[in-house]
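Since the structure comes first, as structure tokens, the remarks are kept for the end.
The letters A, B, C and D name the chains in turn, as written, and every chain counts its residues from 1.
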Amino acid sequence: MTDLLGALFILASLGFFAAGSIGLLRLPGVHARLHALTKADNVGLGLLVVGAGLIGGDLLLALKLLLVWLLVMVASAIAANLIASHAMKDGEES
Amino acid sequence: MNNLLTLPVMIPLGFSLLALLWPRRATPVGILALLATLLASAWLTWRVSGNGPMLLALGGWEPGLGIALYADALSSTLLLMSSVVALAAGIYSTGYFRAPGDRARFWPLWLLMMTALHALFLSGDLFNLYVTLELLGLSAVALAALGGKRKAVEAALRYLILGLLGSLLFLAGVTLTYAGYGTLDLMKLRDLLAPEPVAWIALALMISGLLLKTALFPLHFWLPPAHANAPAPVSAVLSALVVKAAFYLLLRFWLEIFEDVVTAFAAWLLGILGAMAVLWGSWRALRAVRLKLLAAYSTVAQLGYLFLFFPLLAALPAGAARDTALGALILMALTHAFAKSALFLATGVIQQKAGHDRIEDLGGAARALPVTVFTLALAGVALIGLPPSGAFLAKWQLFSAAIATGQWLWVPVIATGSLLAAAYVFRILGYAFAPAEGVTYRIADGREELPALILAILATLLLGFGSVQLWEFVTPGALAAGEAP
Amino acid sequence: MILTQLIFGITGGLLFAIGLRSALVRESLLARILAVNISGAGVFLALVAIAYRGLEETPDPIPHALVLTGIVVAVSATALALALRRRLEEADDE
Amino acid sequence: MEITLWHLLDALLAILLLGLAWSALSGSDLRRGVVLFMAFGLLLSLVWARLRAPDLALAEAAIGAGLSGALLLLALRDSEKPGNRTVQTPPLLQLATLLLMLLLAASFALAYVTAVTGNNGDRLAGLAFGNLEQSGVSNPVTAVLLNFRAYDTLLELAVLLAATLGILALGAERRPFRKPGLLLGGLVTWITTLLVMVAGYLLWAGAHAPGGAFQAGALLAAAIVMLRLGGMTSEGLPVSRLLRWLLAAGIAAFMLTGYLATFLDLAFLQYPEGRAGLLILLIESAAMLSIAFSLGLAYLGGSPSGWEKSSSKGSPS
């Protein structure tokens, strides 16, 4: 039962990842692309973590996965911020 | 327990750490290390000549799972050779690098290179050899780039990339060998290898990697710039020892480990490439404008001679004649190591005193630097192959083996190569002895001139007159045919 | 089982050859350094594929250790090469 | 032979690897090449995981893709002078090298297929597992690296040292980055702490689980890189004298243990019975420090300020 639920979560995460990647490729402009990528990928990763945790069925494992999710969240938020502010400066100059 | 077998590797490694930790004392630490290494190598050679090959299973694990160190007559002879050359060039370097900062940079790397050379000579494990090749390559590149001149750095970087490619080709061969035969131990492989596609392709990959590192024509293009632009003591060792290390592996693989795998056709191919190297290298050396470039092209040519032996060894049946040819090959390699390092060191002296190394402007050098020019002449004698040098005997054997096996093709190659060598050596001497105005006597530094002279004397006299002893030591047990020690 | 080994072994061989060629023909030094790295990765891949013995059995640890050594050697060489290249771009003595 | 879903995954990974490698090498845009190379490294790390080599997956992610990537990205700042370009390779030569490449790949593949199908697949594995209990650790890869083939690892540390000394000899470090904003600065502070902690964990875990000195050292090096990205000059690096000791530590620990065995009448690098685990941990700790600071110095790209001070009394290099 939990396995099935986990699989559903993972499938759902795939949708978000796909949407994020398509957004990265198709949307115009740095900011729009960042928007698509960070939002969709973070949600996707969250769902993936939940799914994997359910399938793993181990509390310690689930905590580790949670840590992974948090770290990626922080890193991607800051990276996105840096890219965005760089793009802003470049945009003003050109 | 044969733990003392580790000393020629671990002494330079340990002292390189000391030189790193006490940069102000780097020079005494380095000289001490080289002396101790020489002692250890001499002791090892003596043991091997008395008791036969030695083996050490590192970590106490049986070879195969663990790594074995292995010393026989060939490896201990080369160990001794490299210890002597490195000590001489090391002493010379104390006059060449005078700023404390330069010395602090030079010594740890120099000792790491010695570690690599000796680890390579003693290693009995295929993957371990890859690691030693990389250590040798990286430390040699770092040394070649010392000084930071644009040309030197550029040559060093190209040298690095080609060296890495050579190592990768070697590693690809190692991979295939492990996939097919399930072990990395050389002695075990020797019994397992059979003439079949896996062994052929693995050997071809490893040999091509080593040929790239030995700079056999047409893979020689990286050598002249790298050797000619490095600091003089480094050039000496690059030409004398570093290319020889790859050649040593080639020899060991060809004649011992992969003995049942190699074919006469491949030996001929190496022979023909060697012949082209002799001709092309000698010709370019004759046309060289700078003395160091001449020395570097002469290395390409001299390495070519070594490859002429391969088809001869393939044609000679096992026995006295083959042993003699093998002894001649080793004698040739040793003579070249001593003579070429002497030539590079002497060139270094001229370059520093005169401020350049253009051959045509050498006029007056014989008056200003008599010892150094004498060294050049002695080294030249060995490079041409005149008596009493070791190369004379070696070339003589090469001639007779070529005639005995009916491989007449090599005879004109050797003759032309020797004539060209004579021409380029006398070209240097002709300019050096030419009178020039305004030449002042300079008291040159003993620690700069003497090491080169001693190396040149070793090449011309000692190896010539002592060749019988060398022959007796090296040939019966050189490639010990897998006798368990 | 063996099919997995063959797939990655042959891929490794191809990567090795692609990298080797680029390292010889490319003009840009940085591209050549990249090529050497990819070529090395190819050899490593073939080596690790030898070790694989199926999903159930523990793989042969020897190639893993060899490749770990190889990775450290490769990064050392890359670092030295990049430092030389930087020095080359800065040196202006001729 | 039955083709399963796993094999399809394998084929997909293989094709992706080849595609990434090809596009990283074929374009003339170096920036693109470097980014694709980093992606290649990450994908390779996935492949290691697929081939059940978690130690390698960790090392590749940290070193192969991580640090190499960081070094290469940094190198993009040094533009290449277009002056000394030679002429374009003629098409005939291009074709010839292409054919040679195919020949090389084909003969490698031929030998590989023959070798793998002709071998029972055991090779040295049986021997290694048979002796695992005596090795002092239960992670077989660590056993090979620090015990069975410890000599390789010793020489490998020497390779790293040679490269580091080569880099140090080339001149002063790169100029540091400008001071970062508040956000990055904050991240740097607490991520460095986290990296140090994780490195300690990996070092300890290496005895029984994936991890060990190399992965841990790479993480510590990453901490140095983070500090550097945070705009700090030579920050995180100790003074010259201590730094020299740290660089030497790994090899020194190995050699001391190696000769300790000699006094106990054992072979070089043989651990006394029952002490292997402890000695391995000691060596690994020292090796981790050496690896971390070597790789950190590699990222600086030259000698940090004050390095020369102890070698020459104020004379310029």
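The rule we apply is simple: a contact is a pair of C-beta atoms (placed from the backbone, for glycine too) under 8 Å apart; a residue touches a chain by one contact, two chains touch by 3 or more.
All values reported here derive from a predicted model rather than from experimental measurement.
Across the assembly, the chain pair joined by the most C-beta contact pairs is C-D. We define each chain's centre as the mean of its Cα atoms; on that basis subunit B and subunit C are separated by 28 Å.
Subunit A and subunit B have centres, each the mean of its CA atoms, that are 57 Å apart. Annotation: 30 Å between the Cα-based centres of subunit A and subunit C. Residues of subunit C in contact with at least two other chains: 9, 16, 20, 24, 29, 33, 46, 50, 62, 66, 69, 73, 76-77, 80, 84-85, 87.
Those residues of subunit D in touch with two or more other chains are numbered 108, 112, 116, 122-124, 128, 149, 152, 156, 159, 162-163, 166, 170-171. Each of the following residues of subunit B touches two or more other chains: 127, 131, 134, 138, 141-142, 145, 148, 153, 172, 175, 178-179, 184. Each chain pair that touches appears in this list: A-D, B-C, B-D, C-D. Across the complex, subunit C meets subunit B through its residues 9, 16, 20, 23-24, 29, 32-33, 36, 39-40, 43, 46-47, 50, 62-63, 66, 69-70, 73, 76-77, 80-81, 84-85, 87-88, 91-94.
Remark: subunit B residues 127, 130-131, 134, 137-138, 141-142, 145, 148-151, 153-154, 156-157, 160-161, 164-165, 168-169, 171-172, 175, 178-179, 184 touch subunit C in the complex. Subunit D makes touch with subunit B in their complex at residues 107-108, 110-112, 114-116, 118-119, 122-124, 127-128, 131, 147-152, 155-156, 158-159, 161-163, 165-166, 168-171, 244-245, 247-248, 251-252, 255, 258-259, 261-262, 265-271, 308, 310-313, 315, 317.
Contacts from subunit D toward subunit A in the complex involve residues 181, 183-184, 187, 194. Here subunit A touches subunit D in the complex through residues 71, 74-75, 78, 81-82, 85, going by the rule given at the top.
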